[in-house]
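Some structures to go through are shown next.
One chain, subunit A, links the two complexes that follow: it is found with subunit B in the first and with subunit C in the second.
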Partner chain A sequence: MYVIALVVVVLAVLIGDWDRIAFNFFNLEVMADMFPEVLTIAARNTLVYTLLSFAIGLVVALALALMKLSSIGPYRAFAIGYIELFRGLPALITLILIGFGIPIAFDFNMPGGRVGAGVLGLSIVAGAYMAETIRAGIEAVPRGQSEAARSLGMSSNRTMFTIVLPQAFRIIIPPLTNEMVLLIKDTSLFFVLGTTPLTKELTKFARDFMVEIRNATPLTVAALVYLAITLPLTWLVRRLEKRAAISR
Partner chain B sequence: MKSKTRALAVLAVLALVLAACGDGDEGTVDPDDLELVAPGTLTICTDVPFPPMEFEDSESELGYDGFDIELSVAIAEELGLTPTIATPGFEAITGGLAFENDDCDVAAASITITEEREEAIDFSDPYFNSEQSLLVKADSGITTWEDLGSVAVQTGTTPEIYAQENWEGVEIVSFEDAAGPYLALDAGEVDGVLFDLVSQQDVANNDDTLVIVETYDTGEEYGLATQDTPNLLAAINESLAGLREDGTYDEILNNWFPET
Partner chain C sequence: MTPAIEINDLHKYFGDLEVLKGIDFQVNEGEVVCIIGPSGSGKSTLLRCVNRLEESTSGTILIEGEDITDPDADVDALRTRIGMVFQQFNLFPHLDVVHNLTIAQTRVLKRDKGEAARIAHDVLERVGLLDKINEYPIRLSGGQQQRVAIARALAMNPDMMLFDEPTSSLDPELVGEVLDVMRQLARDGMTMMVVTHEMSFALDVADRVVFMDDGVVVEEGHPSVVLQEPKTERARRFLRMIIDK
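Then we have the complex of A and B:
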């Protein structure tokens, strides 16, 4: 196996035209041109869109998860329908439907305009994915926990919010991080709703820059910035997990 | 060394293929010199949908139809080549990447000739005059660009550049595809759409609630594009002139723009 890998790498190094690769993808002049906007506008927007969508999506997901576990039939039906619908649609289509469909149908424009519509669209999608994660987390908390809480006289709501959910969230931190990393990249779909120079996120910013100067270096820079966002995030979560494992 | 032998091998095969079908060509240019992506075939790059210039049409032989398509097919026939269509994306075409990747011999995608683009690709003689126009909702009361709060354009197109340079104080919202601006107008996210008149006329004709209120003659012209294939470019210019002379060009124009 190692031999094959080595051969592939050596071949790639020999065959690749490194001068052209350097010029097209690692052009230092172009890189210098992109700063500071790639950070102050593009990366900032990516982060803001991600955090907003994640926060709203988490609330949506929690509500959906509780509805899906509810003993009331219509709640369950709604949650199942919602999750299946928005998990089954490409996020791009959902964004277009929310961003253009709602204003056209109801003559109502989202607060925050296109960005607001984009955040709402992604929150809806993220909510559908995370709802299943949260539900699984809740079900993974040993039954004895809620039985003990109930026998101490806690109401079922209090049991859920003070006993079950805190333990469930500890279990689902890794999959939720995963969801957040996916969300970071999904913000690149915001372009379908239209952009102004100040609302571009990383991918759109890099693509427009690439077109303007006809050089692919901006994509490389964007890729590095994405990694600069996601790698610390996953590292942080690994540490959180370790600590959680110790304190248990 | 390695790439040299490979190039030689390719050349040898090419020579064989060309020799095999060498008798059939009727064009005035020697097809050996055209540096085509695929021998005997003119690979035409376009970007759809942009009716009536180019759009998908499953009933058409090539799968695409429109003014650009018909014109470039006529050129291919003039050159004695078989036309085929490819769609690598508009930005890849105007940026030259599509040519570097050997995706196309020539691009016919309603590309406005600009100095900027000329750095990456080589344009033919202009074959079409293009104006820009401002489309708004008929009941909006907007009569000139100065009434606009915001305007939608397509990313990387001439209208975007025009609005950025001339319309101070108007918020410019950019969309990747040609449908986005019209959806945004319908959704009330923007006040107007600035676009090439050719396609906007098509929109206005099909929707009574939309009107074109202003046109802007920016002296823009469409050109066919090639890259680093001077012989092909010369051959294209020659056949363009020929098509204009023998009336084929006017025939195609009338086919798609009956009123002009």
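Then we have the complex of A and C:
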């Protein structure tokens, strides 16, 4: 196996047109041209869209998780239907539905415009994914915890919010951080709703730049910025998971 | 005088399985009642029915005259009068000791922070753990955790305390410190209902011992009688097994 890999690498080095690759993918002039907008507009928008979708999605997810664990049948049915629907659909479909489908059908403008529609669409999708994570976190808190709280006279709601959820969130910080990493990448779908020069996120920004100057270097830069955001997050997840493993 | 706890013809099913088959007994104010019996006899289920952590199927349980099994009963308010101590301690791991002791005081009883903290201080002193007031539960030994759990229940100023095998998950050398705290509580006049396997504690401290087997009360009476000269064959067999161990 190693021999084959070595041969492939050697061949690639010999055959590859390195000047051409460097010019098209690692062109320093192009890189210099992209600054500062790649950070001040594109990366900033990516982060803002991610954080907004994550925050709203988390609220949606919490509501869904509580509904799914509810003793009231219709709540449970709604939560299950919602979660299965939006996890089963491509996020792109949901974005188009929120951005175009519903506004066209009911003839109204989405508050916050294209960006608002994008954030709402991603929040809806993120809510479906994170709901299952939160539900699992709630169920991972031992039953004795809520029994102890109830025996002290706390109502079931107060028990949930002061005793169970704080412990559940501690358990699910690593998977929630993973959700955020996925969300960062999903903001690249916003292009489908249409953008202005000021609302472009990283992928759209890089693509337009690439098409304009007919050089692929913007893609390299966008990739590096994505990694600069996601790698520290995944590293953080690993650390948190290790720490959680030790404290158990 | 109204008994602290009065249980009338209590039945409890888990599915088709009848685990409590008509229990009648009462605990008077200031009385310490120990419930003994083999595992599966229903004694923990009975205790958990008293503060309605377990829903009984039929029968009534009066807490100082109020029926807690009534669907309209204010269960949360009744529970503030009934302290409960669990086998697994169930301290809140995300809160330090003082907040374990104050959270229900401030949120449920609406005491102000200063008063709650003062009461927390007092009850921790009673269980001898004032020096651990700012520790997190994970840093305490099992015996210390259980004493904090007792203090947490006492901080609510309950009229009675339920103990569900409070020493069964402790290392043997830590059992004594928990029993000492319970002994002191009994001496201070607390009404106590204790499910336990600690026969010497029951003999010393209990005013009355109830022997349960297979969902019924088989024998009850003064500890020296029930534990030393039981009248029924079932109780005799159980006690022989315990002593042989």
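A few points about this structure:
Basically, the second predicted complex is superposed on the first by the 217 of 248 C-alpha atoms of A that agree within 3 Å, B and C clash if a C-alpha of one lies under 4 Å from a C-alpha of the other, contacts with A are read in each partner's own complex, and residues count from 1 in each chain.
In this text, a residue touches a chain if its C-beta (ideal position, glycine included) is under 8 Å from a C-beta of that chain, and two chains touch if they have at least 3 such contacts.
Predicted, not measured: the structure shown is a model, and the values here were computed from it.
Applying the stated clash criterion after superposition on subunit A shows that subunit B and subunit C can sit side by side. In the superposition on chain A, A:Arg170 contacts subunit C only, with no contact to subunit B. By the document's definition of touching, of the two partners only subunit C reaches A:Ser151; subunit B does not.
Shared-chain residue A:Gly57: touches no atom of subunit B or subunit C.
Of the two partner chains placed by the overlay, only subunit B lies in contact with A:Asp208; subunit C stays clear of it. Vectors from the Cα centre of subunit A to those of subunit B and subunit C enclose 160° in the overlay, to the nearest 10. Judged by the touch definition given at the top, the superposed model places A:Thr162 against subunit C, while subunit B stays out of reach. Taking the two complexes aligned on chain A, the least Cα distance separating subunit B from subunit C is 49 Å.
For the contact definition in use here, the subunit B contact set and the subunit C contact set of subunit A share no residue.
Interface residues of subunit B facing subunit A in the complex, by the touch rule stated above, are 91, 94-97, 119-120, 152, 155-156, 171-177, 180-181, 183-184, 186-190.
Taken together, the subunit C residues at the contact with subunit A in this complex read 51, 53, 76-77, 79-80, 82-84, 86, 88, 90-94, 103-104, 107-109, 138, 149, 152-153, 156. The residues of subunit A lying in touch with subunit B in their complex are 96, 99-100, 103-104, 107, 109, 113-114, 191-196, 207-208, 210-211, 214.
On the subunit A side of its complex with subunit C, the touching residues are 142, 144-145, 147-155, 158, 162-163, 166-167, 170, 247.
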